[in-house]
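Quick heads-up: structures coming right below.
Heads up, the next two complexes both have chain A, just with different partners, chain B and then chain C.
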Partner chain A sequence: MFDKLRDWERNRHEYAKAWKEHTGGKVLGYFCTYVPEEILYAAGVLPVRILGSHEPQDVTEPHIFGMFCPFCRDCLAQGLRGRYDYLDGIMIAQSCLHIRQAYTSWEKHRPTEFSYYLCMPHHVQSPRALPYLTEDLAQFKTAVEEWTGATITDGDLDEAIEVYNENRRLLRAVYELRKAAEPPLTGEEAMEMVIAAQMTDKAEHNQELRRILRELPNRQNGRVTGARLMIIGSEDDDTKFMNMVESCGATFVVDEHCTGTRYFWNEVEPRANRLEAIAARYIDRVPCPTKDWVERKRIAHILELAEVWNVDGAVVMQQKFCDPHELDTPAIRKALEEKGVKTLFLEFDVTVPVGQFKVRVEAFLEMLGEEDLFE
Partner chain B sequence: MATKQTYETRPLECWGKAKEIRKKYYQDYAAAHERGGIRWAGGAWTFGAIPCGLGDDVHSLTSEPYAASIAADKKFSIKCLEATERAGYARDLCSYMRNYWGSVILDEYLWGGPFPKPDFIWQDHICCSHAKWYQVVCDHEPGIPHFCIDVAVGPAGEINENKLNYIVGQMHDGIEWLEEVSGREYDDEKLIEAVNNECRSTSLWAEVCELNKAIPAPLEEKTMFSLYVLGTLMKHSKVVADFYEELRDEVKDRVENQIAAVANERCRLMSDTQPPWGFLSLFRYLESYGAISVGSLYTFGLIGMWEDKPDGSWGPRTTPRQKGIEIKDRDQALKILAEWNLHKPEWQHFYSPHLKTEMMVRIAKEWSLDGVMLHYNRGCEGLSLGIAENRLGLLEAGFPVMTFEGNMGDEREFDLARTKTRIDTFLETLGFKKD
Partner chain C sequence: MAEYWRWKEYRWHDAEVDWRDGELITAGVDVGSVSSQAVIMVDGELYAFSNMRTGSDSPESAKKVMDWALEGTGLTLDDIGFVVGTGYGRVNVPFSNKAITEIACHARGANFMYGPSVRTVLDMGGQDCKVIRCDERGKVSAFAMNDKCAAGTGRGMEVFADLLAISIEDVGELSLQVDEEPPPVSCTCVVFAKSEATALLREGWPKSQVLAAYCSAMAHRVVTLLEQVGIEKEFAITGGIAKNIGVVSRLEDEIGIKALRSKIDAQIAGGLGGALFAQSLLKKKLSAN
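For the complex of A and B:
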């Protein structure tokens, strides 16, 4: 049922190249999910998220100091190895320092015809952030217009917003089905679905999601749900890890990371000023920890997901050296455990030690199962 | 290779005064409540001039210099670091933060007694760890009000009205918040005075650093660390501005009279990022080769404010007063303060390492350097950001570079013997020999 999405996710470069050939449009690679894709889409540009390939590499050592996260180095490696040579542009919306380096090194060593650093505000809890970002988006829109030669009208923005909002609604509809006692899809499939959304034309992705949603409620996937898990943390597109955990007698029923719910949870709410509406969406979205201050608003959201999706335990993961997540992890684990949700903390690298992690995951699942012995 | 010349050298006359100012700063903070005053905590880059509007009895504890002081006390530092690790925090986080949190968790002040809890937190945010640093402090000391201003609006070359309004708007909100949490009425005159002091002190510090272009250099970097730190404590104070004026005059006199920091100077280097604070002897080791670190973008530009001079050189930034601008009201003061800080050299690389490379190459040329020592500092993601690209840029510009890995605040991640061996190899390769 998820074959097409899996194919898009696994053959992302082929998809983008085919899209480019088919439409004659431009493709832009982006480094962070705070990039306001709607504006690019309205100009006929295909935004694709740049992710790593989970292979050991040695090409980034001269460019990024080894204390920064493996994810940013893996992303840069893709550029240095020429795997994204079809890109017409790259951009980043300001988030963490780590991924920023992948962008700045890429920009210098693999220049593209368009490159943009959007100063996405960090203080999203301040009322000053909205007018600031709205104006910044106007400047960005002008830059995109100059690059593409297209004029982006309100009508174009409305259409793009609707395509994106529909995508968000459809993804949430799929996630709703994961609340069931026997979820009709695995966490691995859900992850592939969201990653595919980040690198395909949303209109096409929507079409596929609509088909899936018609068939999914009646799907018998022939597996035992086991422990209901949640996965929380930094960027994570490690489908092999998801598969390993779900082969140990558990199912991921929900997630909280930027290749999951943080990417699509909230919609653009209509406003007369379209750019203000888009700005509000990115300011109000479930925050990345880099922007989750002074108050930690993300924790309440995590607890709500855990409760509503009836989670037994949570895998709290992060990319090695990911400072923003490391700064939140103790508070998140404490909050979950106070609510009776046990946690397993794991630190991810470009490749994960499946054998070692499997032992830890099995021990964790056994611990979760112990409570049932005395019921 | 340079000939072996020996210069006259002598200690700085104002050295004792610098130590006194620093000592009094930490005492004043701890004792503020005894005099009915206010204590606040925040980073060294925060807009410290703003809380000055609450009165003259308002004292701060800036986090990074406090943590660096802990790091220099290896015994206490390891105690702090381990306390933080026991509380569940990752060992690869900012080592300043981990030292500081340890002091809070242990409830021990470096200079004796319990940790003096601040009345409020007044922070700014450009590095991922800035606002989060104090979020964690509040986890351990619940109930401390916390305000933080986002300053990450892009490099100085791209400042516009919208970016300034974002920061100034947050500052205005911050002042209302300060009145609320302190219960005091805000005095704009005190703010204006503090802004003028900040511009004066940070420009003067740049002037001091500029004087180090002279050969022989009147100051070496180990000494500069003890001097620039005053700007990280209270750059907005008259005491620091006056001290830097006195220092500038003394250093000028040293230049005019060829008084050297290092008598056998024949090799000029710069470093980068914070040094490993527990191992400053490293800078003395350089002297055995006649080598001197004349500074770095870090010592020059962490608080020093610079500009392009008409002759194309890099020099101290002209203050508003020097331009004939008299600040009249709160809004103008805040705009000047925001714009002034957005030009801070050490804020530029947050958007591109290549902006930092340009400044480093400029220093290498204008300060007549023979080479560069880059500290790949595991303790600070903010200042190590893009450092590998800086290395490539300096090499491309023709300057020899050595790197050494370490940690400014965690001695477990620094290998002194290995670093000395790397220095030996570097300097010998450049053609210098030990005396």
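For the complex of A and C:
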């Protein structure tokens, strides 16, 4: 049922190249989900998220520190190895220093015809964030217009917003089904679905989601659900890890990370000023820890997801050396444990040490389960 | 050339007991990265065990260690009602009925060895280290494991025994024979710590002092892992390093808590926990039939 999405996720470069050939349009690679894709899409550009490939590599060593997170190094490696050679542009919205280093190094060593640094404000809780970002988006829109030669009208923005909002609604509709006692899809499938959303034309992705949603409620996937897990943390597209955990007798039923719910949870609410509407969406979305202060708003959201999706335990993961997540992890674990949700903390690297993680995961599941090990 | 790291393998069985009088005979086989143990229990009492080095082939190691535990008892594998495999090679125990993680097994084993008051178990194994919190039944409530590095583990101690030409069994005692505690070696990486120790020897440090510096670095490293999970009394140590008084006493000093002692060999805790789980599972199996 998820074959097509899996194919898009696994063959992301082939998809983008075929799209380019088919439409004659431009493809832009972006580094962080704070990039307002709607504006690019309105100009006929296909935004694709740059992700790593989870292979050991040694090409980034001269360009980026070893104690920067494995994700930013893996992303840069893709650029240096020429896997994204078809990109016409790259951009980043200010998120963390590590990924920005990947972006600037890419810009220097693999220059593209368009490159843009969007100064997404960190202090999203400030009342000044919205007017600031609205203005910044106006400048960005102009830059995109100059690059593509297209004029982006309100009508174009409305269409793009609708395609993106529909995608968000459809993804949430699929997540709704995961509340069931026997979820009709695995966490691995859900992850592939969201990653695919980040690298395909949303109109096409929507079409596929609509088809899936017709069949999904009646799907019998022949699995035993086992422990209901949530996965929380930094960027995470490690489908192999999901598969390993789910083959140990558990199912991920929900997530809270930027290749999952954090990417699509909030819609753009209509406003007369379209750019302000878009800016508000990115200001008010479930925040990434780089932006989640002074008040930690994400925790309440995590607890709600854990409760509504009836979660037994949570895997709290982060990319090794990810300082923003490192700061939030103790507070998140404490809040979950206080609600009776047990947590397992893991640090991810480019490749996951399957043996080492497996024993922790199995022990965690043994801990959650009241299996008949005791008399 | 003498191999100082080579600790003595051994086996034991209770010659006073006739297993034929027992009803429930179960076993736990713990195939670790460095050593393997087989533990046989008869009606919930420790009956026999063996402890040997793990070879390159896990199924073969499991068979060998089990055969050795059975040796001289008249028991055969067929007499054992339920076998639990645990440890790094837990899925490679060909004759096991179920695999359970060593985390669960060490907690269960420690509960038997040290009594139900144990709340924190530190398993210092051959290539990793685990801190386990458990309840009065020996059920795990939280745990933490060291990451990819083997510092602070048995293998590191073996490297030091070899470097200093001191039998591994004597390392702990010798490390305490210093007038003043030296600063710990700064590197916890086994390879780097070895270079550092070589430099100290060249500076004229006696072996006891080099060992003291290493044992205290090891203890210190483990304390940071303990603090991740939090130490609650009573506290116990399992695994091979539990037998190294040089590490244990320094660790106790640093955390200010005495580790419980047991008459039972701390290295068999995992296998013992496996045999205890096997007993519960066998009872359930029999009552279901």
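Following the convention adopted for this analysis, the second predicted complex is superposed on the first by the 370 of 375 C-alpha atoms of A that agree within 3 Å, B and C clash if a C-alpha of one lies under 4 Å from a C-alpha of the other, contacts with A are read in each partner's own complex, and residues count from 1 in each chain.
Just so it is clear, a contact is a pair of C-beta atoms (placed from the backbone, for glycine too) under 8 Å apart; a residue touches a chain by one contact, two chains touch by 3 or more.
The model shown is predicted, which means the values in this text are computed figures rather than measured ones.
When the shared chain is aligned, chain B comes close enough to touch A:Val294, but chain C does not. When the two complexes are superposed, the chain touching more residues of chain A, out of chain B and chain C, is B. By the touch criterion stated above, A:Cys96 is placed in contact with chain B alone, chain C being left untouched. Using the contact criterion defined above for the overlaid structures, shared-chain residue A:Glu366 touches chain C, although it does not reach chain B.
Within the superposed three-chain model, A:Asp323 lies in touch with chain B and out of touch with chain C [touch as defined at top].
Within the superposed three-chain model, A:Gln356 lies in touch with chain C and out of touch with chain B [touch as defined at top]. With both structures placed on the common chain, the touch criterion links A:Glu135 to chain B but leaves chain C unconnected. Residues of chain A touching chain B in their complex: 61-65, 67-68, 94, 96-98, 100-101, 104-105, 107-108, 117, 119, 121-123, 126-129, 131-132, 135-136, 139, 289-290, 293-294, 296, 320-321, 323-324, 326-331, 333.
Contact residues of chain B toward chain A in the complex are 87-90, 92-94, 125, 127-129, 131-133, 135-136, 139, 146-150, 152-154, 162-163, 165-166, 169-170, 173, 350-354, 376, 378, 381-382, 384-389, 391-392. Residues of chain C that touch chain A in their complex: 88, 100-104, 108, 128, 137-143, 145, 147-148, 277, 280-281, 283-284.
Residues 342, 347, 353, 355-356, 359-360, 362-363, 366-367, 372-375 of chain A are the ones touching chain C in the complex.
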